[in-house]
Every structure is written in structure tokens, then in C-alpha cells.
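Order of writing sets the labels: A, B and C. Residues in every chain begin at 1.
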């Protein structure tokens, strides 16, 4: 991982206009991605992590969703402002995405070869034969046995783990700069998950791809990521290098989260630490710290205003009134 | 053998599902051997954790114990009563002592019934059958009591499931399971669909309820850390059989079966320092499907310590250390 | 969590009013303009049909031969009749002037008739009636006939639908829940019934049991309901099969719930939406079926009328007396459109996808 920043998300806001009110799914998210870095975005349901990723490549269903503010700077351009054909040349090519459920993201009616060749031909200007050879190479790299034969099969002829390997091969086939992986292993068994994560780590290191990995599992980010963003109710509450975040979590939510995960290597004693209450409804959320009803250290100011982000040094930033002076 | 302390005893449990039809010209009937000879027992007040990956048969085992599927073979003995041979009416009476909590908080509650009705439902059904004598007032009081006990305000009893969050719905499911005061509660992945912060709350609730009411749990999950936290003893399942059973702490410190070792090494630990240095055992191939009856050990294809013997004979589950059973020829013949 | 009592607002000042599934569906229905218009029209028609006996309209069966085929008008019938006759006289006169002297005897006759008409109008009390929608070939008030015809048509639609639903839902629920061989047998029976030529059967039944007046209604009900329960049976069976394996059903079974309890308390309430939608779309199709039969002459018999019979009568005098066809046809069309829009709106509003998943 170098120090060169290739993606800058600045104060991104994505709102959904529904019958029941405005859902501020992403409400001011900022982070930087460096070349070759693996960035993890951790959050529970409703935190806005998936919407953040879709916003980066501007794939929010509109209506009812809309990017309401902020910038996504890549290669000198603001992705939020690009038109559809410029976006298309980037998607799949420079920034590629893989999803959680490979069965629904692969077209069940098309052969794998058709789907892979389509992407390669579109972006790399190779002819079909060369594209197919490249696709077979990628499948081999992804650990699929007998790729020359299997490339002509249909998705349902692959198992869950195999399909995810195909997705990864497809995602990396154009050698993108950034790979966005949205919960790539959540639907897989533990032993398969280990295989897939291993594969991702290996391939992205070899190809020098930067990865944005979205997951709800702290164990996965601990093993895979260089940097972590913790999201809650549409905001990044804490962000920093993995080692530091786990060793010294600052935000009460991060602290609570780490403490409440049962660990294999330790006996948690009689009671597991748990954060009381439940994640908020993000419809028409007022301007306050969304975590305050569940926070043991909540202060009066937390109810009134969302905290300003404070840089704690070493790339570690936290948004909490415990660390910033309230004015 | 009649240990008064044992609440549930399962012997050689088999669940074979027929698939398709016999070939027109006398081909053999195909089966899915979802559960293929499972043995375990649970003592009163204990929690047996059942862990394994998809297709291992853990959910099927729970349902076979609950007699929701009638077992193809073997015996299920609850508090001294054999369940597999019971007829419908007697089975319902026996079920009073054995209730189930389901996995999906969205799908396990009737969307058209209020939470109060859902919790009252088992009591109403059993009252109708004459197996329980509670007046309407008593049922209502018990519903409110249960709701408070699981952490739901009793004022929500007229609300519908869609008005609750995932964790709250799971609490409704737990309250429903406790309505008849069962001794045994079968929990089928009850926290798998919940967020991490809610999961911790619900796991604590399970433990508290167990302490307060002296409950016995058969707890199924695929997350090893969760199983370790909640269980007294753990059984690891693979393709319809139990590969290893042991006390919870023991299993994690000293996994014997190669599959258990692979499973433990694959499970992520939320600590980057540990993760960095971990040497993972990466299993080759996919989790196979239980549609072939194998002569030898079911783990043979993926095992890196396999021997010739393993392909010819199936190892039995045998105790090799006090309280620690394993089905592997590496440790016994 | 249990942060209390029936607060209507939570810690974030967000509204947390309890909302039942029906209230939510209603809200969505109301937002759909076409469906709302449909609903109002249906309510209007329904109200008029129910209140018909007390409405200030003429008797639908009363014949005033003198005032047959009066066009719709706000003027009293006598005036209209006279002005019609006058127009006729003038027309003949104009023709004679153009050179058709052979029409002279007709002119004489018409003049005599005209004088007689004037006399009758002076003497008849009915001359002051105002027939807003005109009269038919027997001098019966079109407005009253259309309203009473609507009563019959809507009744046919309603009763036919209710019968179809009762039969179909129970049949489909049993087939779907029990499954296996019984399901197979039951559905093969349905398949056979589907294969039978429905029209032919109804026609034969109607011809066999041709009776007078009110019993003809019963026969129509029977005939139509006999074939119509098939669709709803299939639909209900499909829904039950897909719900049968849901976890909440498993939960109910694990609590010892009997099959009847599961079907009536767990399964049917959850497919109520489908049944309601079927109802709103079945009523129009029954009305159409009945009017088709009436057109063939196999429908309701006189003196009762339905929109179908009215249309059949109206067709015969279509060119000269268009209102006799247009009035019942428009009334029926409006009602059918309204029911269809309402049905579409209900289908969108009752879509189970949206609210059940929080």
C-alpha cells in the first residue's frame, strides 16, 4: 500500500425520498482510499454501508434515491457528476464490483463465458478469441479446476463457493484499480469463506488492486483490511488503521461492538457485553449523534448536534463529543 | 443407563429423504441422507451446541428430535418417554415439554396475528385439547409476564410483527417458546439473522432464561464463537453424522477431528494481531452434498490426514478422553 | 427495546404510531386516483341499487303504451310525444311538397292520429311524467329499468362471486394443504372441469330449466358459479402450497396446532389479499357472463330486467332509438370499469412485499 490516494469520498450524502419521509441512508461520509489498500467498511443493517458503495459508482435506484451532496473524486474527476456513458467506461473497467449473492448477480440464462467475454470485449478492446483466453486465465487464477471446460457452463452448475470465485475472476478480469466487494462471503460457509478471502487477498496483492470490503463481520476485517471505517446510521463514526482501531477503539459504538462479539480464543465469562437498545430508524432523523440513546457516555450536547470529526493522528479519526470541544 | 439427569437421549437417529421416483425399469430409489446415525444426550440444565456448515444436517436433526419430521430410524427419548413411536395425540402431549425457537425473525411469526396472540397461541391450543387448564384471564396474565421477562413492553401486545425490529421479533419467538414452561428448548440458529449488537443481547437473554427457569437447550448455530459462548458441550456435525463431541472449552483448546481443526482455523477472530499470524488450514474442494451413501469416512475426500482404512470403513463415535468423543481412525479403531 | 409505553414519539422525536396492515393498505389505495374514482363509482351504484325501492322513480314494470320510445328529455312526456308526432307530420308534408303525392293518404292518417294523440295526452295523467332517460318499446321508464336492471346484474355478480369463493377457497385450501394423492385427484378434477365447454353447459342448463321470473335468477347463479370456482381454487391452492412451508407454519405445527386451525387462522388470513383481488375482478366477469347469456336470450326472463336484457332489447331499435341501447350499456360499462380500476388499485395496495419486511 502506497501513500498515493486514488479515491476520495468527501461528505457524500445519499437520500431516499419515500412515502414515509426522507431516509438519509448516507449522511456525510468521507474517506480516502490509497493505491493497493484494502479498506473495510463495517456496520450493521441500516448503517448505510451498501448504499455508500452503490453511490461511489452512482448505481442508486432513482427514484426514490438520489445523491444529495458531496463528491467522489477519482482520476481527477467527480464521479457524482459524470454522465452515464463516462460512468460506463469506468464501471467494470477501472472500478469493479462484486456482490454478496453470486446466484442473483450472475445471469442464470447465460453461460459464464458469455458473461465474462462481454465485459472484457467492452473494456479491453480485445476480439472474442483473445477475450476468451483471458477469461480462462482469470478463472485459473481464481482456482477453478479445468477452466477451459467449465467456462462454457451455466451458473447453476457451480457451487456457491465456485460461483463466488467466478465473480471474483469477472471482477478482476479487466485489472481494475479498485474492487468493491459487498459482503462477498456472508452467504458462504466458514471453510469456503476462508478459501475465498484467501484468494481475494492473494489476487489483489498480485495485481495491485485496491479493495473496498463491506461486511458486518469484525473477524473478516481484522484479517483482511489495512484500514477500517465504522459506520452507524449513515455516518462514519470512526476510521483508522486496523491494528490501532482494534487496540484502541475510541468511539463508544466501536468499543461496544468489539466487546460484544463472542471470541473463539477467549472465554467471555458469564455474560457477553451488549449494547442496549437497537439501531435507529433513519427516516427523518434529527441532527444529533444517532448513537446517543444507546451510549453510556452520552452527554447533553450529543442530543443536539452531530459531533465534528477529530483527527487523533496516524490516520485515526473519530466523530464523538468525548474528543472534541463542543462550542 | 437410566441416568435421571439426562433429559434428552438420541440414539442412531436417521433422517433419509426420498428423492425423485424409482426408475421406470427398476432403478433404485435415491435418498438424501440428511442425518445418518446421530448419537448424543443432553443433561438437565445443560446446553448442547450443534455446529456445522450447510448441508451437515443440524437443522434436520433438530426437527427430527421435535418430530416435525418423523425419523426414518433411531430413537429419541425425552424425559424417559420414547417419542418416535408416539401417535399424534400423545405426541402433542409430549411436545408440551419441548418447544422450538426458529431462525428467521421475519418468517417465524404469523404476520396477521398480534404479538400477544402469538405468545398466547400455544396455551390456547393446549387448553382446547384439554391438556392445560388456564382461563382466558390467566393466559393474558402469563402473556404479559412473558413479554416483560423477555424484555418487551407488555403495551406492545396489540402490535403486529412488522412493527417490531428483528431482535424484538426474536424475543417474541422466545416468549412463545416459553409459554408452556417446557424443559427442553430447541434453538435453530436463533441469532444468525440478527445484527451483532442485537445478537449479544439475545444470547445474554438465552443464558439468563436458562439460569432462571432451569432450561435445557439444544442450540444450533454455524458461528463457532457463538456456540462456544452459549454451550456446555459442543457437537460438530458433518454430512449427517457427528464428527466430534466434547465439552465446550475442551473442544476449542484441543480439537481432535481434522474437520474440527479445519473449521476452527477457518473461523475469523476479531483481532488483527492474531489474524496476521494465523496459519489457516485451507480445505480443498466444496462441502459435498449428502446424496450418496458412503462406505468409508464422510470426510475422506477433503481430509489431509487420511489413511487407506478411512475409505473402507466408517469410524464410530467413540470416547477417547473423558467426556470427549470423536469419530476418526486417527484416535481409535 | 422496552423503552416504554405507548409513546407516539420515540427518543428521536420520530413518529412511532402503530400501524395495522389494513390501515397501511388503505393509505396506499387512497393515493391511487383511478382506484379511488372506481371506489366512489362502485359505492354510488351500490347505494342507488340498494335504495331503489325508496327512490322517487317510476315503476320499472309499468307500461305506458302511449309513450313508447320517448327519447330522453327534461320536458313532460306528453309534450315530447306531441312534438315527435308533429315532427313526423311535418316530415311527410315536406316530402309531399317535394313531389311525393302518393304519400297523401299517409298524411291524412297521420293527421287523424295526431288529433287523437292530442286528445289522449290531454286526458292522460301520465302525460306529465318526465322520462329523463326516455322509455322503451313498451313505454317503460329507462331510468327505472336501468336501476332495477343494475340491481339484478350486481346481485348476479355478487352472489356468483360469493359462491365461487366459498367453493373455490375451501376446495383449493384442502387440496393445497393436504397435498399428495388427494391434491392430485382434486386438481385433475379441476382440469377436467376446465376442459368442458362452459358456454355449452350453461346454455343446456338454462334451456332445461327454463322458468319464469325470479327462479331464472337462481338458475343463472347456479350455472355460472358451477364453472367459476375453478380459477379461485387453483389460485388458493398455489398460495397455500407456497406458504405451507413457511417457518411460522412450522412453528404452529410444533405447538400442536390442528390442520383446521392452521388453515383458517394462519394460512387463509395471509392470502386474504389475493381473495379480495379475485373478488373485485370476478364480479365484472360474472356480470359480463350474465349479459352475454341474456343477449342470447337465455338470461333473466321478463318482467325482470338486467343490464344484459336491456342491452339485448336496445339493440333491436338501435338505429331509431339509440338511447335504449346507450343508457344500459353506458351504465354497465361505467360499473365494470370502476370495478376493474378498484381491483387494480387493491392489487397494488395489498402487495404483501412492501410492509411485511421492515
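Keep in mind that, in the parts below, a residue touches a chain if its C-beta (ideal position, glycine included) is under 8 Å from a C-beta of that chain, and two chains touch if they have at least 3 such contacts.
Please read these numbers as outputs of a predicted model, since none were measured by experiment.
Chemist: Write down the pair of chains with the top C-beta contact pair count.
Modeler: A-B
Chemist: Taking mean CA positions as centres, which chain lies farthest from chain B?
Modeler: C
Chemist: Express in whole angstrom the distance between the two chain centres, defined as the mean CA positions of chain A and chain B.
Modeler: Comparing mean C-alpha positions, chain B is 33 Å from chain A.
Chemist: Can you give the whole-Å distance between the Cα centres of chain B and chain C?
Modeler: Going by mean C-alpha positions, chain B sits 56 Å from chain C.
Chemist: Got the chain B residues that touch at least 2 other chains?
Modeler: In chain B, the residues touching two or more other chains are 165-166, 168, 201.
Chemist: So which bits of chain C are touching at least two other chains?
Modeler: Only 1, 3 qualify.
Chemist: Residues of chain A that contact two or more other chains, please.
Modeler: 276, 278
Chemist: Applying the document's contact rule, which stretches of chain B touch chain C when the two form their complex?
Modeler: Going by the criterion above, the answer is residues 66, 68, 92, 95-96, 99-100, 102-104, 106-113, 121-122, 125-126, 129, 148, 151-153, 155, 158-160, 162-166, 168, 173, 176, 201.
Chemist: So in the complex, the part of chain A that touches chain B is made up of which residues?
Modeler: That would be residues 44-45, 159-162, 189-195, 197-198, 216-223, 242-243, 246-247, 256-258, 260-265, 267-268, 270-276, 278-279 of chain A.
Chemist: Looking at the complex, which residues from chain B come into contact with chain A?
Modeler: Those residues of chain B that touch chain A are 53-54, 165-168, 195-201, 203-204, 207, 222-226, 228-229, 249, 252, 262-276, 278, 280, 282-283, 286-287.
Chemist: Would you mind writing out the residues of chain C in touch with chain B in their complex?
Modeler: Result: residues 1-6, 18-21, 246-248, 250-258, 261, 265-266, 269-270, 272, 352, 355-358 of chain C touch chain B.
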